[in-house]
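In what comes next, chain A is part of two complexes: it sits with chain B in the first one and with chain C in the second one.
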Partner chain A sequence: MNKLIFNEMLKIIRKRKLIVVVAIMVVLISLFTYAQFREVQRQIEKLGDVDWRTTLQQQIVDTQNRLTSSGISDEWKAQLQIRVQQQQYYLDNNINPAEPGAPTFVRSFAQESITLFVPLLIMIIAADIVSSERSAGTVKLLLTRPVKRWKILLSKYIALLLSISIIVVLMGVLAYLISGVVFGFGGWNAPVLTGFTSIGGELNTSNVQLIDQWQYILMEFGLVWFVAIVVGTLSFMLSVLLKSTSASMGVMLAALIAGLILSNLVSSWQSAKYLFMINLDLTGYIAGSSPPVPGMTLLFSIGVLSIWAVGALLISFSVFVRQDVY
Partner chain B sequence: MTEITLSIKGLRKKIGKREIIKGLDFELKSGEVFGFLGPNGAGKTTTIRMLVGLIRPTAGSIQVCGYDVKKNFVKAMSHLGCIVENPELYPYLTGLENLQHFSRMIPNFDSNHLEYVIKLVRLQDRINDPVKTYSLGMRQRLGIAQALLGKPKVLILDEPTNGLDPMGIREMREFIRFLAEKEGLTVLVSSHLLSEIQLMCDRVAVISKGKVIKVDTVKNLLHFQEQLVWKVSPVEEGKKLLQTVTTVKLDKENRLVTPLSDKSSSWNHMLVEHGIEVHEIQRKVPALEDLFLELTGGESVE
Partner chain C sequence: MKKTYVSIISFLSIGAFLVMLFGFLWTIQNQLVKKETTVREQTQVVEEPEKRNEGKIIVALGDSLTRGTGDEEGKGYIGYLIEELEEKTDEKLTLHNYGVKGYRSEQLLSQVKGETIQNQIKNADVILMTIGGNDLFQGGQTLVSPDKEAIALIKEQYLNNLKETMDIIKSTNQDAIIYLVGLYNPFIDLDDAAMTTKVVRDWNYSTNQLLDQYSNSVFVPTFDLFQLKVNDYLFSDKFHPNSKGYRLIAERAASLITW
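Showing the complex of A and B:
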């Protein structure tokens, strides 16, 4: 089995899939770092002050102004209200929610990338892992060895899990190193609040805890890793079912984007919460933003995603083992 | 010592509603090259896919060295090597990496065998180049090397000379004969060219529309097949005259066709004596269509 996994990793690396993924990460992280840097500059210019309290106060005022304007949807309004209350809570407790430094950048980057960026990177590898063998015809050689078919598929799946883990870790490391050059590398022990919940548009702070930033980041990356595995498993299934890599990429991409759009629309459509793409924003729960459908919790989302992943695995294996290969 | 290495019984395959393979039975022995001859669409590739476990037969059984492909897949596959249609290898890996890749899938693989196989197909010089830089002939050879990695008893090659130049075809032919005679392998070769099968096979199964029409040695099959073509004038008179000594048919170009015989010179003599002009006598290279016409009794080839 180890030899089979070695084979699959060799193919992923020699096809330069991992390098492409790393290159995309470097470019985008640099881009975001620069954008963040410009934002900080703008604040300093505007307020002539670098004290975070002034900045935060200004942000709260800005958001409240937006809330009074008409023409924003109810869902968005609720989100903003929650955010204002959170910011006020930080201010009242004299804790800086955005301590400057690379760890803070890593934290917000992980939070923003979980619903689209990470799934996209994972798809580059997962969508291609079985279908490329079929479209290139090499699957005929692979399946005529003295090895059972399920073992071949399992080795591919394990290689995928390995690649996903490598990508998630690299993302953290790259985000830290690149942003650290601009913002400095310190700030691991900055205090962060977690445990906000929202009930009916009101912020509930009864469970709020103060933890170190590194703990928070660790939790976040655990969740990113979990989402990456679920998305990877679903793409893997599509890769088994569809002969062409671009078709499986297309289907997955459509689902992810539909998820982003739906998340802002479905607060009144209860059963939408069973769709996997509505449940991807796991980091939102620990940051305390309001869920797409009221009543969804972190555990609920993890449960839904797990069921989707297990279903996808069952389908992948039962189809692959029986399928006629032409 | 000849043992049966591949045995096929009542093999059938339905795809959708269409039955593509309608019951095949044959047995191959060690050390023989067995031709699998049929026109395009006869079902050669489909049969081979079933033999190597890529698709499931609707009915029937396949045994490789006594192991059932369905029930004992791993054992059966460890005695079998194959190329199905084109030899598709990983273009972004080198030849050596491709072979190493597949050798890792063989239990207890002996790495000395890798070098032996590379030498056997004479790829030593280019083995460290990426496969995407290989010519078709080199890919075919690498494909064969890959098929031989597991020291198989049965080698299955689907149209191995497809796309090769005459020199390459000859080399491939000699190589296949070598594997059967010196290494004692059973080699199943599919082709739609009679001339090719004739030159390298011991026995042949002729298939058409998913059925075996005939299984016989190449010698027997070709015996009643070789013919003489006569271009004479006047045609009618010549035909009448030849009919007194042998069977004569008239072909499309108004020529006379008779079986090959050692008496042909006396027939010629007879024609000339009766004042019939003989412009041309030709020994006819047997063509697949003619063989089919004979075997199927005039039923046309699809």
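Showing the complex of A and C:
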């Protein structure tokens, strides 16, 4: 079994997929770092001040102004209201929500990338993991070995899990190193608040706890990793079911983008919360933003995602074991 | 060579897997187990932002006029005022605009009670305010169905709030000069102009009277600016000024500002 897994890892590395993923990450993280840098410069220029309290107060005022405009949707309004109350809470407790430094960048980067960026990177690895063997014809060589079919598929799945893990960790490391050059490497112990919950558009601060930033980042990446695995497992299933790699990528991409669009619309469509793509924004729960459908919680989302992943695994294995290969 | 490379990556991946798994389980444990302790007391003292010597600091407080609602260029009277002042002086001007659309006097009061705003006020050289319009007009309701007693009540509350606001500002910063922009009558070309004009005039008079109790505070009248051809200076909502209207207010306020 170890040898099989090793063999699968070899294939992933041979195809230079990890390199491609790393290259994409380096380019995009550099872009985001630069954009963030410009934003900071603009703030300093505009407010003539680097005191974070000034900036935060200004943000609160800006958000309050956006709240009063009549053109915005109720979902967005609720989201903004929660944000204002949260910012006010930070201000009242004299805690800087964005201590300058690379760790803060890493934190917000993970938060932004969980719904689309990470799933896309994972798809690069996962979408063709089985279907490419079929299109290249190598699947026959693989299946004629005296090894049970499910073992072959399992070795592929484990290799996928390992690649996903290293991609997520690499993302954190790269984000830290690249942004650190600009923002400085310190700030791991900056205080961060977590445990905000929103009930009916009101912010509930009774469970709020203060933790160090490194703890928060570790938790966040744990969630990013979980989402990556769920998305990876679903792509894996599509890769078993569909013969063409581009088809499985297309299906997955459509689902992810539909999820992004739906998240802004579904608050009145209750049963949408059982769709996996609505549940991807797990970091939102620990940051305390209001969920797409009222009543959703972290545990609920993890549960829904787990069910989808387990279902996908069952389908993958039962199909692959029985499939005719020609 | 290739083999060791793959082995290294595989082992790193296993390490990464375990770390991430730990992070994930920890999150679940952390978020689900309710903790007794909440936010621990922040002991560090709020470091006073140092008062800088170069340049002048302008703090703008108040409602939609401060925000610039209705201005096609989005600047509001504050934006034009800064432009005017920059022509007049070589000083470096720093603006903090805390205006929020729709603010009434009690909301402004609770805003200035905030520590951060007070820190800004402390450093300010000039404080500009627009407030009261939403108290009085309430989106046009008050003057459509006027009721003398209701208006008197609103005015009393407004004056109390304004007094408290001024007290807070003055106790935070004695030296800053406060400019309070008065109300104009956006309904002056409607049928019952005589009545609305009287209400607005009384309102401005009482506001001015209140300001007289404080040193270094100036009432900036705008009633006359909008008295003739009011529609030329109003935005399409017939309530907020348009660019021209904002420019008029800015010019007047700018001519009053000295340091």
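Criterion: the second predicted complex is superposed on the first by the 326 of 326 C-alpha atoms of A that agree within 3 Å, B and C clash if a C-alpha of one lies under 4 Å from a C-alpha of the other, contacts with A are read in each partner's own complex, and residues count from 1 in each chain.
What we mean here is this: a contact is a pair of C-beta atoms (placed from the backbone, for glycine too) under 8 Å apart; a residue touches a chain by one contact, two chains touch by 3 or more.
Keep in mind that what you see is a predicted model, and the values were worked out from it rather than measured.
K.L.:
So, on chain A, is it clash or fit between chain B and chain C?
P.N.:
Aligned on chain A, chain B and chain C fit with no clash.
K.L.:
Is it chain B or chain C that touches the larger share of residues in chain A?
P.N.:
C
K.L.:
Tell me the contact category for A:L218 with respect to chain B and chain C: first, second, both or neither.
P.N.:
Touch partner of A:L218: chain C, not chain B.
K.L.:
Answer with first, second, both or neither: which of chain B and chain C does A:K243 touch in the superposed model?
P.N.:
Touch status of A:K243: no partner.
K.L.:
For A:L10, decide between first (touching chain B), second (touching chain C), both and neither.
P.N.:
After superposition on chain A, A:L10 lies in contact with both partners, chain B and chain C.
K.L.:
Looking at the superposed set of three chains, what is the minimum CA distance between chain B and chain C in Å?
P.N.:
10
K.L.:
Can you list the residues of chain A that meet both chain B and chain C?
P.N.:
6, 10
K.L.:
Considering only the defined contacts, which chain A positions touch chain B in the complex?
P.N.:
Counting only chain A, the residues touching chain B are 3-4, 6-7, 10-11, 14-15, 136-138, 140-148, 322, 324-326.
K.L.:
In the complex formed with chain A, which residues of chain C make contact?
P.N.:
Going by the criterion above, the answer is residues 2, 5-7, 9-10, 12-14, 16-17, 19-28, 30-32, 34-35, 37-40, 42, 44, 46, 49, 55, 57, 67, 92, 94, 96-102, 114-117, 119-120.
K.L.:
Hey, which residues of chain B end up touching chain A in the complex?
P.N.:
Interface residues on chain B, with respect to chain A: 49, 52-56, 73-75, 77-78, 80, 82, 84-86, 88-93, 97, 101-102, 104-107, 146, 150.
K.L.:
Where on chain A is chain C touching in the complex?
P.N.:
5-6, 9-10, 13, 18, 47-49, 51, 53-54, 56-58, 61, 64-65, 68-69, 91-95, 161-163, 165-166, 168-169, 191, 193-195, 206-211, 218-223, 225-226, 285-286, 298-299, 302
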